[in-house]
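After this come two complexes, each holding chain A, first together with chain B and then together with chain C.
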Partner chain A sequence: MADLRTNLAGITSPNPFWLASAPPTNSGYQVQRAFEAGWGGAVWKTLGDPILNVSSRYAAVHFNGQRVAGFNNIELITDRPLEVNLKEIYETKKKFPNHAVVASLMVEPNQEAWHEIVKKTEAAGVDGLELNFGCPHGMAERGMGSASGQVPELVEKQTYWAKEAADTPVIVKLTPNITDITATAEAAVRGGADAVSMINTINSLAGVDIDTWLPVPHVGGKGAHGGYCGPAVKPIALNMVSECARNNRINVPISGMGGVSNWQNAIEFMLMGASNVQICTAAMHHGFRIVEDLIDGLSTYLDERGILSVQDIIGKSVPTFSDWGNLDLNYKVVARINNEVCINCNKCHIACEDTSHQCIDMLNDPNGHAILQVREEDCVGCNLCSIVCPVDGAIDMVELKSDLPPMTWNERQSLIGSLKDRKVTK
Partner chain B sequence: MREHQQYLIEREKIDYFIGRGYRINGITENLSGAFIEFNLKDVKTDEISNETLHIQTANGRKYFSALLLKQIQSVT
Partner chain C sequence: MSTSEPMIQRELQKRFTEVTPPLTNQEAFQESQRCLYCYDAPCIQACPTGIDIPTFIKKIASGNMKGSAKTIMTANPVGASCARVCPTEELCEGACVLNHSTKPILIGNLQRYATDWAIKNDQVLFKEGQSNGKSVAIVGGGPAGLSAARELALLGYSVTVYEAEKQAGGLDTYGIVSFRLPKAISLWEVEQIEKLGVTIKTGVKIGKDIPFHELLSTNDRVILAIGMANVPDLQIPGEQAEGVYDAIELVKTTKDAPFPTHLKDKKVVVIGAGNTAIDGATCSIRLGAENVKILYRRSEQEMTAYDFEYEFAKQDGVEFRWLTQPVEIVTNEAGQVKGMKCVKMKLSEAAEDGRRRTEPIPNSEFLIECDAIVKAIGQKRHLSFIEDLGLAHNDGVILINPATMETSNPKIYACGDVIFGKGQGEAMVVSAAQQGKTAAYHMHESLKETYSA
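Up next is the complex of A and B:
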């Protein structure tokens, strides 16, 4: 069986599956149960001045029969005194010395406040610290969480303050509620971060009840924006991890999270540069025992490929991820419809005709049966027909050899620009 | 007209000039598409004749880009 042990900036864990800082890691009881179930690490629910929560905190977006496609919360950081959490952290670490116990921290942007909480928390025996610069609601209104995390100077300065006092690795957790997450990731690195983690939740309003006209969730008739997570945010999170992984100024390990729901998702994040993954929504939806599937799936994947250690896949897909301007304009794929598999629902024709490039014809074969056929010369290879097709194998996207040489947009513009120097005038 | 048909026509026009020894001397791209400026130098008189082609299809713009690459590579 492949070695699943991971190392994030010196924090080791028996496998790459950590519970993210959130309700599942609120107490020692929960974290210890999670470790017994097989989780490799846990980031304790954010420590700070104990807060007051409201009742009615979560909402989910269900889509087309899938429960919890997205998840929204307006819960804040811990509402328990620091000493209570630290006692449970100490007990947990003592009981599970080989598991990673990381404490998430959030205090006001003040040097003494950071020094105090870092020292007290480390005294409880944590393996590392995660600075919460991402929580988008409630705490942000008080100048903490994402309010700090959206300002690179504040990220840098607070990271520096935490590092001044820290003996264990400092992970900086970033908010996605920013145009370019690499700006704050770079700031964290400048501040001395040992690792970055992403993404925290995305500003969201889960819905509006069209009968009562109240926001969902509402607290006695009023709502406020929350943080969105779950499967729906995975592509956003994966992109942000990838952008940081390919940025050579962000030369620290990445802990990836945001919609990781199964072992396949975990592999995607790790291939794109994450040294491990953190999970919350999937555990809240299905319970701690999902880790059994995560471990089993990852192990089998690695074993089937003869990969000895999960660390060997970290970042392997990063070189394939670039800017649009570096993509080959002359690479071409076209759709091919397998009429033996096609059920003739015409969804591909409708999608192509109404919203794409009008290249799927409705014809009859020699026996008079209705068939669908792609005019390959007009097909731009957008993939839409294969995306909307309800039958696996009915539409293949096939690569066509181009009679033009590979050329990216950047290369093309450079070529055209070079003409100006060579221009012949009368 | 299907865009592919339009592209074939544009490609034929581009090939017409290239086939007669014209070289791509300038490309102007704007909201209307691309304008290729061809020129041909008369070896006897040194007279330069210019022709301009308006290219509207995306594939046409890819095609002349490939020819431009070939032209520049043949010089360097």
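Up next is the complex of A and C:
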């Protein structure tokens, strides 16, 4: 069996699956249950000055009968006294010395406050610290969480203060509620972060009840924006991880999270540069037991490929992720419909006809059977047909060999530029 | 200890309750999500009334129940009945593209779910059209007649339906066993049509209570949707004995309480193997018959009952005696049925029409003991009535232009079972509904000139 042990900036854990700082890591009871189930690590629900929560806190987006495509919450950081949390952290770490226990921290943006909480928390025996600069609701209105996480200077300064006091590795958790996450990631690195983690939740309003016209969820008739997570945010999170991973100035490990729901998702994040993954919504949907398949699936995946350690896949896809301007303009794929497999639902036809490039014809074969056929000369290789096709193997996107050598937009522009320059010098 | 009559009736009521349970909300929601929402969907093409099936299913999924029911009922004025009685595996569900990859969508059950919603929530789905001053008389208030009436009412015609029975609905109301199609469903469809201003005169027999020519002279057009008559005689000795029943009449007596009790503990023999034979047999079982046998002179392959009906009858405990031809009804001295004398048959090679002929095996006579005989060998035609009208027909099957439903008299249209047979038309309720629509549209087309001027 492949070695699943991971190391994030010196924090080791038996496997790459950590519970993210959230309701599942609210107490020693829960974290210990998680470790018993097999989770490799847990980031304790954010410590700070205990807050008051409201009732009616979560909402979800269900899509076409599937529950929890996305998840929204307006719960704040821990509502339990710091001493209680620290005591339970101590006990948990004692029972599970090989598991990673990381404390998430959030205090006002001042040096003393950061020094104090870092010291107290480390005294409880944590393996590392995660600075919560991402929580988008409630705490942000008090100048904490994403309010400070959206300002690169504040990220840098607070990271620096935490690092001044810290002996254990400091992870900076970033908010996605910003135009370019690499700006704040760089700031964290400048402040001395040992690792960054992303993404925190995205500003969201889960819905409006069309019968009562009230926001979902509402607290006694009034709602406020929450933080969005779950499967629907995975592509956003994966992009942010990838952007940071390919940025040379962000030369610290990344802990990836945002919609990771299964072992395949975990592999995707790790291939794109995450050293481990953090999970919350999937556990909240199904319980801690999901970790069994996470471990089993990952392990089988690695074994089937003869990969000895999960660490060997970290960042392996990063070089394939670039800017649009570096894509080959002469590369061409087209759709091919396998009429043996096709069930003639005609969804590809109508999708192409109405919304794409009008290149799939509904025809009859010589025996009079309905078939669908792509006019390859008109197909732009957009993939839409294969995306809407409900049957595996009915539509293949196949590569057509190009007569032209590869040429990217950037290459083309620089070539045109050099030709222009030549004209001018003449 | 004897069982009291109310108890017996309560028990019978239970036995005649619809056997297929409705989909639960959860089931309907999940099943509707499974529909692929095909473009140019084959299920639509397979539906004789062309219900936009993906659309009505999508509307169940989106929670637009009224819209869903309306989509169904727009295309098929007897869509609630059809949801229950259509041979869906041969129509929409048989055409579902998911047959090739998983399981077809439960279209019939979803259609029932949507129309049940409309029934339960007392919805009025349509509004009559603005009056165009024209009137149409429809003879026969079954699926074909009602369907034509609904379409004509939407188009602004003044429509009167003449129905010989006490209630309209035809076979849907009287002729299909209530454990497949409760009477209330058919009557809801009738009521929907009445709410459009259609006058339905029940208990009126045209040709007896009102002469046909009167309809013809007082209306712009007449539609004949008179269906078929009772089951013909077996034409064997003993036919008049006490205990010989007409399957259609038998089913009719079980559509409402009080239920008959005369078949309790009886040995019943049903003659025929079509839809009505199955209904007669399963009704007899539910009425308490000790044993029910279906006798058919051909074999399993030739029987015209649907596979699901055959399965259902077998599950009910009905026995089948293939290649068995009744030759004489044996009676006791009181003239009551005591048995059926039969001969064994054998099948010959297929004839030109592809159907194999049968011939009796010599000296193979045997007796099946029974106390009751249910005839289900098809239905007679209203032959003399049709002859009186002077319409072209083939053995009582009114000849029509299948594109327009026009008879040999351009003022008279015909649809439903009255045109079914001799290679013309289809026997299904859903086909009758479509024919009613076709008749209405073409009649409208033919009358347009007369009032547009």
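By definition in this document, the second predicted complex is superposed on the first by the 423 of 426 C-alpha atoms of A that agree within 3 Å, B and C clash if a C-alpha of one lies under 4 Å from a C-alpha of the other, contacts with A are read in each partner's own complex, and residues count from 1 in each chain.
Operating definition for what follows: a residue touches a chain if its C-beta (ideal position, glycine included) is under 8 Å from a C-beta of that chain, and two chains touch if they have at least 3 such contacts.
Quantities reported herein were computed from a predicted structural model and do not represent experimental measurements.
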Review point. Which chain makes contact with more of the residues of chain A, chain B or else chain C?
Key: B
Exercise for review: Identify the partner contact of A:419: answer first if only chain B is touched, second if only chain C is, both if each is, neither if none is.
Suggested key: first
Review point. Looking at the overlay, what does A:330 touch: chain B (first), chain C (second), both, or neither?
Key: first
Practice item. Considering only the touch criterion stated at the top, classify A:404 as touching first (chain B), second (chain C), both, or neither. Key: first
Practice item. Using the touch definition from the top, say if A:1 reaches chain B (first), chain C (second), both or neither. Key: neither
Point to revise | First (chain B), second (chain C), both or neither touched by A:52 | key: neither
Review point. Should A:378 be classified as contacting the first partner (chain B), the second (chain C), both, or neither?
Key: first
Revision key, fill the gap. Dual-contact residues of chain A (chain B, chain C) none
Practice item. Could you please specify the touching residues of chain A with respect to chain C in the complex? Key: 64-65, 343-347, 349-350, 362, 390-391
Point to revise | chain A-facing residues of chain C, complex | key: 29-30, 33, 36-42, 61, 97-98, 100-101
Review point. Taking the complex as given, what residues does chain A use to touch chain B?
Key: 329-330, 357, 375, 377-378, 404-405, 407, 411-412, 415-416, 418-420, 422-424, 426
Study note, to complete from the structure: Note: in the complex, chain B contacts chain A through residues 2-4, 23-27, 29, 39, 41, 48, 50, 62-63, 65-66, 68-70, 72, 75
